[in-house]
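This report refers to the structure that appears directly beneath it.
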């Protein structure tokens, strides 16, 4: 068996909702990796996941870092832990997959990226849409020029129900928690962004306003190419989970979207009904598998990851620009420069 | 035969593209009216339409105004003629249906409205979406509260190909020519608007920029209710004509859209294809009939029209706010007051 | 105004459900004809329709036949009256549009056709699908050869609720009342038929079996080309009205169908819902107008009608073959011959 | 780690097209089993698959049977080997998953089933639709009575391109190779079948007729409940792969179908296009994983399998009835009896 077909041995740290979903995928749905150990500081959570999945478990992250048979780590812990955990993993020579955002602050974000660069480990950020077959199919045709000149990018990301106020307080704010995915998608599908104008409202619960946050937003962007873009986000799209996009060009327009669990139409007098997804797990079973598959393959083949820490930083900077635009009530312009194969954003 | 089932005798003035379409509808598809005479200053156009449709024709608008058997007039002439023609019709005691906008300027708009009010004739503005069965069905359920609280209004109006530069120059600008329909739809479906932020670009042809106009736009609105709205418009949506909307609420979301001529799916290796509309005639055969039907019925029953001159003025004012926002690069706030059953907008 | 743009003056006889619908269309939605008089033996029905539509009314069919200003008649009376009314119209020199079937028996069918042929008046049969834009679009591409060799024809015609037992008794049986439309569509879209095998069941109400009829059927046909076809029909498709088809070929497959009143999608937690048609009036607003438009144009231009009495007879003969197949429990073969531009079927 | 979460160790025998697909799924996408060894008589095929997937490989089936660490075997060898391989596996005490059909003859089918029954090993047949989330969702609601009385079952199974003539010759004929899936689906979704009438044609290639086979078929069934059913099948649906169904009842109708790889709509002037599946691998990625997951879980929990050898025999008998019907040109009636929790069919 040639070494490039080996299963990459991985640990998973953090067994919240998304961590549990990653663990399920790693344990049984990704052929190119092997889940070796799950970690969560709460013993009951760690042990029950380990037993359910048939893998080792720990309450200490170090148990993964010190296991020389483990090549890579997937970090799905709460955001404040991301940056230090990346740095520790880098110091231990582990390849890193980390959920977005790297940090709620710029400095730890940059330091975590620098740590992986200095130690030569890979750092892939969990922008799962980049790996979903639907989005990949559309984007590859867009990049091939099939749309002609792009005039408009339009995307929606909406959660069905707001998270807890506790979560909101630690989320880094609406843009960093929600819109960050759309900024990454915009950069990936259309290109770099020159200007961000954000509009927001707290419509569902006074608690959002009380903590200085919003629950619905519209963000208008102007791409370097001149194209316009518009993002709409919600924490309370009562009907379900939405993640869809449209890119309109001079010659064609592409629409990406999918919103059902099963392909059944139910016809009753006067109505044709199908089901509708309520969260990202239902919408993206393929994307979350594919991003881990791609990460394992990048490790196996020692190739660059498809979504780098620098991409995470770029999306972070765009979110911060959106925050400023919302606060100041005006458009915020950005500069972006290419350096060493990465794009770096800064305020204009 | 009771008088309220009579066919309302009407004249049509202006046989451009939309005028011809109205004429076809008036001649054969609207049971509640009878097309008596068509008017166009170009004799060849007037005569050939009259002969084709089997009705009288003239080059003089007066021939309609002076015909006492004619009860109402449909004005589809170029925009600069709208306001004076409304005033003349009002003076002649004719009921008026006029295409939008009433005028490119505020003062003639207000004067035309005043003329109809003073003479007691009706003035219906051609916002056809208000009569389309799809939009009516959605709006009536929205007004019945089925969405819960509205959080987001999102709409697209896109033309496939730009009009001539000649037309552009006289169009009153992008917002007044295109977005005006969306402002009316926003007011109708969701409610009054407090703030308008417009973003535009000239992406298809340098000629747009040369005459100080744009060809693509995104407009963000904030409703009095607090809800957000986003409108995207284009003069060059290469793939076809688009007119669709989504209203998202706390309990449900409604989507309105339709985009094909015929309901045929054509399956070939690897592809499932259906056709796509390329203009408003293909998209709205029912709406353009229904708006005339509704106008005739309002005349017959002596009821208020569903879309008044004041509604046209409100949309006009919102377009002007969009222009200012685009020019100044900031949000423009508006005040609106109720008076005599109408809503009047002014700069805040 | 050249004579070929005249509105053909017509009478309508029979104001049942379909007759009323025809009357509405003739009064206001078909530019090429003018409804002059409606007839129904029940005075109240005739008078109220006449007044509502603003046309003359009678209880006597003769009032139409004797009016020399009337050029054509639309017959929507109960089936037993069709054949004699066609003969009377032919004798009076009126052009005839008649609902299907011409008769429940072969001999009156043939005699009615002969009467129109002998007097040189046109006879169009009400197979409305032949004029629906959806079906026309698909069929024209099929006839152009885009499917390659046709392998399978599949079609469904289903009513939502059974008619009254009274109606059933006089309907001529399931095939002549329902399947007749599908036999015509099969011949039009694919070609002539060599063999018919019918399967039926009375599943909804014992009354069907009591009068020797069925309420659900599957009919398999073999085309002269060798292609197979399958028709399914129901009188009690609880969910709604269905009329859709698929033609599968070696290179492509075409699907025709449409099933909603308005194009609105309503999203609620877990479900995406749109409306669904419940009858032919909701499904075919365009087809019923178009068939009358085509009839009027054939009269104006003195061209052959698109669906002849002979087409009605062919479908009738196929229905009779289906009846025999159902009764005998075996396939029934047919012969068909071309004569004078028409196809005549007989038992093989 | 409790034993009921163990991964069931399995071997796979037969690395044709479907076998390779099973192997990929077993190696990386089914959490409840572990692929230990792949077998194919052609060394190059076996070795390359083993190396690619990182598992042991053999050219001898015995290597699986003699490995006491292997608990179950998946048989995807050519049909003639199925029955003997089942018997060998049963003798070795291995749990068996076998592709359909068990055999082209009744006697070996019955003997293979008896062998598993006598030795107490499970035998699951590869009717994958029973495990697809779409079909499962519809069927569970149908079984819950949501349709009311079922009137019609309609299903299509179509391959895009015919297999090789070599394959055809050994396929057991059209019904046993293709329709067998639909008979199983019909029994599962609606119930037992009393009567089968088959119609077929060889339309694509004279070679089909030369070997006494067909390439397109329509089969009408009558269920014990009285409901009608219609199946259409093709070996040459040029446009793509089709597997969809509709079950119509008195209160509602369910439609199951899905036909794309990715959820992207591509809009170009006049056309809206999406992709279309071309084979069962593209259509059923979830079903083929789920049937193996279910098999592994039945083994782990020592529960009966969801699709038994007796279900395979029932579908086999229905196929043979279809063959006889096609040959004799008449309906074939069947009797079915319940015995020991299974249904057994025989000619009436």
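Chains here go by letter, A, B, C and D, matching the order in which they are written, and residues are numbered from 1 within each.
Throughout what follows, a contact is a pair of C-beta atoms (placed from the backbone, for glycine too) under 8 Å apart; a residue touches a chain by one contact, two chains touch by 3 or more.
Since we're looking at a predicted model, the values are computed, not measured.
J.: If you tally contacting C-beta pairs, which comes out ahead, A-B or B-D? Let me know.
T.: Between the two chain pairs, A-B has more contacting C-beta pairs.
J.: Using C-alpha centres only, name the chain that sits farthest from chain C.
T.: Between chain C and the rest, the longest centre separation is with A.
J.: Distance-wise, how many Å sit between the C-alpha centres of chain A and chain B, to the nearest whole number?
T.: 42
J.: Using Cα averages as centroids, what's the distance between chain B and chain D in whole Å?
T.: Centre separation, chain B to chain D: 57 Å.
J.: At which residue positions does chain C touch at least two other chains?
T.: If we look for residues of chain C contacting two or more partner chains, we find 238-239, 251-253, 267-268, 275.
J.: Which of the residues in chain D come into contact with chain B in the complex?
T.: 160, 238-240, 259-260, 267-276, 278
J.: For the complex, which residues does chain D have touching chain C?
T.: Counting only chain D, the residues touching chain C are 148-149, 151-152, 154, 156, 158, 197, 199-201, 203-204, 216-218, 220, 222, 226-228, 230, 232, 234, 236-239, 248-253, 329-331.
J.: Give every residue of chain A touching chain D within the complex, in rising order.
T.: 1-2, 5-7, 24, 27-32, 50-54, 133-134, 136-138, 141, 146, 251-258, 261-268, 275
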